[in-house]
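What follows is a pair of complexes built around chain A, which joins chain B in one and chain C in the other.
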Partner chain A sequence: MVIYLRSGGKLRDRLKPDVDIYTRKVEVEGTPTLEEILEEIGIPDGLVAFAFADGKVRRLNYRPVEGDVVTLQPPVSGG
Partner chain B sequence: MDGFGGTTLRINLSTEEIERTPTDPEFARSWLGARGFVSKILYDEVPRDADPLGVDNLFIVTTGVLTGSFCPVGSKVGFGCISPATNGHADSSMGGHLGPELRYAGYDLIVMEGIAAGPTYLYIDDDTIELRPAGDYWGMGSLELEKRMKKDLGDDFQIATIGPSGENGIVFSCITHDFGRQAGRCGVGAVMGSKKLKAIAVRGTKSLPVHDLDSMYKLTYDIIQRTKTHPNMAPWQKYGTAFFVGWSNERGCFPTKNFQETYHKDWEKIDGERLVEDCLVSDKACFGCWMNCGKYTRARIPGKPDTYQEGPEYETIALVGGSCAFTDINHVAYANHLLDDIGMDTMSGGSTVAFAMECYQRGIITKDDLEGHELRWGNIDDFEHFVRMIAARRGIGDIFARGTKGAAEALGRGTIDFASQAKGMEFSGYDTRWYPAQLLSYCTCDIGAHHSKSWTITTDIELGRDTIEGKAEVVIYLQHIRPLFDTWSCCRLFWGELDVTPEEHVDSIKHLTGWDVTLEECMRVSERVWNLNRAHFIERNGGPGRKFDVAPARHLDEPIPGGPAEGKVVGRENFEAMLDDYYANRGWDEDGNPTREILDDLGIGYAADNLEKLGFLGKPIPGGIPKVRGRELKPKAM
Partner chain C sequence: MPRSKMEFGRYMRQLELQDWGVEGQNRLGDSHVFMAGVGGLGSSAGIYLAAAGVGKITVCDSDRVELSNLTRQTLYGITDVGMPKATLAAQRLKAFNPQIEVEPNISEIDHAVAGGLIEGSDLVLDCLDNLETRVAMNRAIIAAGIPMIYAACSELTGHVSFLHPPETPCLECFVSRMPPAVEPPIPGFTPGVIGSLQAMEAIKHLVGIGETLKGRLLVFEGMEPRVDVLEIERDPDCPACRGLS
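Moving on, here comes the complex of A and B:
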């Protein structure tokens, strides 16, 4: 299954985009959670605040489906 | 003078004299604006024994070099004074529209001294400047007053107000503008109140002279186009900062029950998702911003009137919601409105109530102290009653009006151990027991504990939460780069989230002003400000500096009782080792006193002379000071 992970900010260096400057194509086997996918590609889950796919917030237990474009939101202080 | 309004105002509130002088180009270049201006003026002009709420303190309203420009996003305005919470340099900023309006009226900086004879507001309509009576406004809530003044003066005036809290000198009083933007920290609202200044109203219809308009336009246009399609923009627009509650909770740093715990089991009931689903009315943006991260909301609680407010944002959810153990986002939003209207910083206000709740839990204060009320975790009625006791300084409210440190000193009985504060200002919304760099950040911060100057939760994750190695250098770097945005007076979020680089901000400054400025020069200004503030703090409070870089016992000794960070604690030995490392990397001696070499290097040798006279000049460091102070962490640390 192929999904696309996107991010900027502090996550972009770790994500190593290969499709465009923000996007990395990731091939995964089975239906892993986002947390498992992040671990596989070497991004500590602590560096992702939440994910955003199809206009909705997704927590790290979300299981992407084929072709999903998942934005990873880095944590930031503020407010 | 390209890029500036051009005029500095000096106002003596006692004599009602108003002096206009051209803004000094050399001063502007040396200190860049807002936080930098405040640092230099306070150091030069406020007597060291001045009472923060007395006649000799100054109250400064200031823009920065980027205020009013379309560099993303020049919406900020800064306030400065000696803080009644810390007795040191205070600078606090807010977004909205006031800063740009001030610049469009032609003013870069307003320095106010003295105390008005009676309640007053400052009225600025381009070249017309008046001190007007505000007796009719005195006693009104901040939000209520802004609405009233818009009606009285016109919607096109930008207005900043204080509430009853500021009038009564509560040390964590804020200044409010745009129905929900606050200069919240350091007690700037209390100093404004001590001057009998209830509000500031500004209308500006001029423009900023731009040195190279074509280049400025092109750069800004490129940034807008790029950030509009940035992947992290849409989530920001939809959710703002409130969405970091779940992340913080899972990382074991979400303050719960006055930092007794760091995991809130009902977090989903007060998270950003609940806020958006239950309370959102509309998005809201500051001047010139296309992100709209502000959330205008309605709180509905049976038996209480609906309230409308901006927020709560993350810090309020953490320090009101988590720390007071609320389990309903409507209650958090209602509390946000209550604090905003009364004129209290939601961060220190929430923390002070949470601290009192723990005192109640332990039997240190009782119903007899609370006018027959209780002070239970998560109870909005108890919360509201106690906040009103503080605002009016009724009974024990007078003690808590001094903040957690002041209250703990009055209460005794070991309460200081669980007052999560540094130098008299309450921690931001992140527990530090698994985040040693964040503890170092709070305890060395020049304005008291505040994440805006150094936020290292992700740094601790990157470098390892169980180690202290390499943390001090990164804290120093962050203490220079992050406050630079407060000095430039622009929003930091475009850097943090949307990849607009500090170098692009510097390019904006070049196009605006014509200055041949570099990021290195700006970072050096920021370091100069940090060191001048340190010298100033020691000169006001005595030394050595190290004696003020103190962590609360809870964060040093008390392991986290449960949740993802169970058992974690920084420990005294680790904390002291981090301080040693921090001082060495700053070019300060082991007592935390700046050395002559570092102060001379930064062009503020006069501060070394003053420290020497007091006996608190740092001893020379064998081998000299480090050539580079601070280290940027890659991948990027915010």
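Moving on, here comes the complex of A and C:
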């Protein structure tokens, strides 16, 4: 299954985009959770606070489906 | 009716908005907003709340102005370094609109005092700068049943949502990860944009116009630039609002 992960900011450096400057194509086996996918591609726990896909906020136990574009959000808490 | 002819003149351009009118202006004038934090977000949001005529604003912040604040905390200037933010913010907002009441509070917000601080408020603005204090304020608004406009930003990214559990998710339904301990870089315009959106949400709610971000999270990505408005749902396992109905 192929999904697309997007990110801006500092997370972009860790994501290593290859489709455009924000997006990385990722091939995964089975139906892993987003947390498992991030671990597999080397994005450490704690760098992603939540994600969104298809207009909805998704927690890290979300299981992406074929072709999903999942945007990663870093922890944002400044003011 | 607005309290005086001068007041009517001041607010005339916003009174003309559909569904705002004298009644909406009076609702705003009768409102009490508690601002948790008057840093970057609070500087931006506070000016628009004061200018619009929110009747009473409490500005709460235990910090003092630092030199590195001045790129984004536009209520303060170079001669304010070392002075308490809440005291200065109250003076500046009151000078901006002498027709409103602005009360400073230099308390440090934590779980023990958050509930008492927001007592009597109609709305809380989360203009805080760390997740730990945000969680304390989240628990306090849940206990008090007071709505809160959540906003946060770092780098060129910002978030805004209207939280009023159980009608909406609470903060801990969708934000749980602690950010890294280091202070993230941030340019002044990010809290400027996000604080303005926060003020817009607050004023719409208080006047009673338009739709708010209830059950939705606005994500601003200034670098691309891009704005997404996303559905958020209550987390049935949320440590803060689980079982609330």
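Here is the rule we use: the second predicted complex is superposed on the first by the 78 of 79 C-alpha atoms of A that agree within 3 Å, B and C clash if a C-alpha of one lies under 4 Å from a C-alpha of the other, contacts with A are read in each partner's own complex, and residues count from 1 in each chain.
Here is the rule we use: contacts are C-beta pairs under 8 Å (C-beta built on N, C-alpha and C of every residue); 3 or more make two chains touch, one makes a residue touch a chain.
What you see is a predicted model, and the numbers here were worked out from it, not measured in a lab.
For chain A, the partner with contacts to more residues, out of chain B and chain C, is B. In the superposition on chain A, A:S77 makes contact with both chain B and chain C.
In the superposed pair of complexes, A:Y22 makes contact with chain B and with chain C alike.
By the document's definition of touching, neither partner reaches A:R63: not chain B, not chain C.
Legend: residue contacts after superposition of the two complexes on their common chain; A:F52 is shown touching both chain B and chain C.
Judged by the touch definition given at the top, the superposed model places A:D13 against chain B, while chain C stays out of reach.
Of the two partner chains, chain B is the only one that A:P44 touches; chain C does not reach it.
Overlap of the chain B and chain C interfaces on chain A: residues 8-10, 22, 46, 48-50, 52, 55, 57, 59, 71, 73-79.
On the side of chain C, the complex with chain A involves touching residues 37, 39-42, 126-131, 134, 151-159, 174-180, 183-184, 186, 191, 217, 219, 221, 223-224, 228, 230-233, 235.
Within the complex formed with chain A, the residues of chain B that make contact are 230-232, 234-236, 239-244, 246-248, 251, 273, 311-316, 428, 430, 451-452, 455, 457-458, 461-462, 492-493, 496-499, 634-638. Every residue of chain A that touches chain B in the complex is listed here, in rising order: 6-14, 22-23, 44, 46-50, 52, 55, 57, 59, 71, 73-79. On the chain A side of its complex with chain C, the touching residues are 8-10, 22, 46, 48-50, 52, 55-57, 59, 71, 73-79.
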